[in-house]
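Sending over a structure as structure tokens; questions will come in a sec.
Read from first to last, the chains carry the letters A, B, C, D and E; within each, the first residue is number 1.
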């Protein structure tokens, strides 16, 4: 034990003003640094556009301000993109709703017995690993080529993370907590609502964060194969691509990415609200 | 406290022979019941084939024995499917490898500071929510239309669950365990290898289970857009589809689903090996 | 091995009960023990001898591998060795859990919960979450949870081990009052011999692993017991006897 | 508020230290305490008074909000109130953790680990996992982990609370021997007044929340202490004084 | 096709034999005017609609099964070596369904590619202008087809509209914008989900009509898709007034001038090759079938469909001289008419086709040998 080390760690208490300073610091970290990273990425995009790509090839990644100007400042284009985005959003949300509802039920059923897990999990994997493309005519035959089929595609794309993470959450429930309920002879429904669901919630939210993006992709994929009814952003992306409209193409991509981020952010916020007070994963 | 209740719970100890009986029972539950469920599903498929579908629509879901006969009992067809499947497997595995490696690094970086998480997570979401279709020309320009691009598509499809679940695992590390390492002034690398990774492992495996199927889908999607180099099962699916070779189409779908299940089962097995001795999620 | 369990049995009964964990650890061997309503049996024994296992068998959370166990599982309360509070529930909601499970009315729950919280001295911490409590406070919340349900069989696994002597003595007195009033069957694991003697109708001394019953020390004091009996000679005598049994000495 | 910390300080020093948790709970107020190498200071006080908080400040795992804290963070060992064993490591590997973190050689680790395991009486359970242990065994594993590292500052948070009297007395004696040999600075939280007096050079009595130092009781016995001093009159006298301070009575 | 390498077609009758070298002063000696390798980007997998290109390959072809490209000596109508190589790159799936225009603007090695008039207009509107230098195909084989059993009274696209039949087409193709904007089909009867697979058509038993190539799909559905196995009826989209030059060989407009010397000699060779192909498609068709097999991108092409394709190209005048006696030239009035009709339609869809776009901006007959014709 040397003198120096002790001197080194003689720590003055945080001064009174530090609370405000810390908050300021946290604002900086919460918003400033992420914005700095965003700026960096935008800078990189411009670098690619203007330095890496020769003029002829600039359509591969058009300048961002052009993308914004053409896609979002032009009223017609903006309306077109936002309308299509809205329709995709509806599909994605309906799909996600069913994914969450069905996925959690599926997981709860599987968690209730090992043989059920072993019997059912493989089909969940198949559902996830199956190329949707291959099922298009069959699904079209049953569900038509419109809203229903698109929602189903979205569910297929986004249900598995919910199942896997809910199941993980259910299996991670502390044995001591289970004992507590067993001891008092709690009914399965009560165990579910008062123990299993709350305990699995942080995990479920992780599943939701994965499914957020997956549902958007699912809606876009569904758009691609099932084109009856109102066109969504997937159709628009296809269209812009075949019409070589790079700016609008990237505009549509940005719009659908933002949709993914918004859904993701929503669940992050919800998770902080619901589990932040007791589980670290909720404290972003 | 009634007399009856006590009588009711007077429990004789499990007899000595019960160990073997229990094992038998568990074999039944582990293999018998899942097989029964499989039989049920096959029965349902036949029902659809022969009862729901009229004869000229039977190609939408051909009889399973025909699928097997044409796709797997015919040597040529089997060779064709297995060869393509093998190539897809290679892509899926290489892709999954990078997903796991990059995804875990990404998660560890994000877990190291809140501002990093807030700064980087949105881009992971974008990566996941972006329609790959839209990036085809840009990726083709940079990475060609072959192996590299296909692996990248596979990574894009399968990295997010790894990131999200690893991050969740890292955030769920018990504060007391962190204290243990902080107390002894452990270096970040040591904390990572001796605390964070082991503690996050059960969660990481949940991510791997999701990514197992996603990597197969990613490889098939990559096949669709990047057809230079050796063709995989995705191309075959496309081919059978365009020729309405239903039996082979379903054969190929079954083969790729089995690939998904095999990868999934491998990680389930590995998770039992690695975390089964201490975490309930590893004990399937 | 079919030992007849008397039909009139209530409370707890172990008949040459043994328990071997799947990994081969034999935790208990040939335990014969009866705890009837109105009996307060304390168990003392070396760490790892199978005391918690005994309580887990009594609660049917674990299953014995030989002999027999009979227990009235209704109205069973069990203070676990760990606090096992639900981290997403505040102290108040944690304490309310058992009442909720029983389906009590809201007002009734609120009253019982507040009484129990006041009793264990957690007043003012009703809305705190478990991670905001000290170790002893967590155990007290856990005890409070069990105090809300008027149990017929009450199992305690070192409930007051994490408490200072003063809190401990207060809770001992409160528990004794409760026992005297409700006459439940109590099985109480503790490491404090004085506590065991002060509370119990009988102290059971267990041997090291595998746990067997080494000695049974009946405690003749009548309830309610005056805290001052702790300083009586008979009390000291009983403690010494338990202590000697524990140390493996014949008496 | 810049209190000069003597440059020669080693061990631990609190200078009018206070600690308020973010939720507003004031855990400590104006604590002045010095623990030099060769001093063994026990802390007793009511549950929830801030004893664990004091140790967490001493270990720099938590930060004080007023006053000053000085500590030599090297060679710090801390037996937490919970066992905090890593569930994926066997007992042996858990006990080896601190040695591994220090980068000891394999043979050295194996030797130290076995010594520590033997000392706490877990021989035979080296390859068990934490969930296969009893509560007391887990705490002993946790103590063993800290015994492997020859600490300069040793913090204990009720290390023996979950143990029976016999194991406890044995570990008390072993710890005393260790202290006498190594002369570390020890800060020891316990609820057993006898244990505090038996082990310490000084017993510090804390008040209920917010924790302040109510009384300091120096213990004059020389080391090594004969277990028999527990039955001496002076020992009883010291215990009584601590007990009274704890009960809030002036002495 | 293993290892992703290349293989020689050999001299077993696949491809046209190289007879001799063209004299250095002959019209078909390209070495002094053209790049050492002339690279052509096709818009799809090898098919008989691309016959002219494959006809120009000598017998010494090297097939890159990895990148889906074929290279060989560029030979003239006599089979003489022109002194340069010809590389034909497969399009469609081989390039991730990217557009030929994009490919030409990304890879400067590509000299020419197949671009249809409508796509050239779109390219002009997105600042990737291309100019067609020769149009080997006179009429687009793109058709709407339907089941004559279900709809015995339907003969034309106008009837399809009248009958209100759903029409499945591939999203993004401009011809459908034309048909719907001009009221030749109604917007609510079309469905852009056609992805090349016959599954949906067969599954609803021919209730809907579907897009298809007149030179391929009728044969395929009758002979190679056993679940259908019947005749299809169809009507060319061109019959409704949508007169594009499909698969016209084009290049970025800025490159036309610098390549004019080459084009002057090369375009007549292409014209002649198309005529040679129609007269004797056997060698080129054999190569096409072989390439499809070797490329292994999931596309299938039988000798039967290749023969049917050539026959249909002749019968329907898909490959023909058109109104004049020259094969390969473009009727600039026809192009201008299409521009005038399509400009407002495309602009309405958000594609900024310049209002003053002229036929000359996207097509030129400058290099066409007016004397070459069927």
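The definition used in the following text is that a contact is a pair of C-beta atoms (placed from the backbone, for glycine too) under 8 Å apart; a residue touches a chain by one contact, two chains touch by 3 or more.
Quantities reported herein were computed from a predicted structural model and do not represent experimental measurements.
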Set of chains whose contacts include both chain D and chain A | B, C
How many hops, at fewest, get you from chain D to chain E via touching chains?
-> 2
Report same or different for the chain C and chain D interface, where same means the shared residue numbers exceed half of all residue numbers found there.
-> same
Take the average of all CA coordinates in chain C, do the same for chain E, and state the distance between these two points in whole angstrom.
-> 88
Distance between the CA centroids of chain B and chain C (whole Å) is 47
Distance from the mean Cα position of chain E to that of chain B, given in whole angstrom | 42
Distance between the centres, which are taken as Cα means, of chain D and chain C, whole angstrom | 28
Note the residues in chain C that touch 2 or more other chains, in rising order.
-> 73-74, 82
Specify, in ascending order, the residues of chain B that touch 2 or more different other chains.
-> 57, 60, 137, 141, 224, 238, 241, 279
Among the residues of chain E, which ones contact at least 2 other chains?
-> 102, 106, 197, 199, 202-203
Please give the residue numbers of chain E that touch chain B in the complex, ascending.
-> 1-2, 4, 66-68, 93-98, 102, 106, 196-199, 202-203, 205, 224-228, 296-300
Could you please specify the touching residues of chain B with respect to chain D in the complex?
-> 174, 176-177, 179-186, 190, 194-195, 198-199, 201, 275, 277-279
Listed in rising order, chain D residues that touch chain B in their complex are 59, 61, 73-74, 76, 78, 80, 82, 84, 86-88, 97-98, 100-102, 129-131, 149
Which positions of chain E touch chain A when the two form their complex?
-> 99, 101-102, 105-106, 108, 122-123, 126-128, 171-174, 191-193, 195, 197, 199-200, 202-204, 252, 349-351
What residues on chain A touch chain B, complex-wise?
-> 29-30, 33-34, 36-38, 41, 57, 60-61, 113-123, 125-126, 128-131, 133-134, 137-138, 141, 160-161, 164-165, 167-168, 171-173, 175, 202-203, 206, 209-210, 212-214, 216-217, 220, 224, 234, 237-238, 241, 249-250, 252-253, 256-257, 259-261, 264, 279-281, 283-284
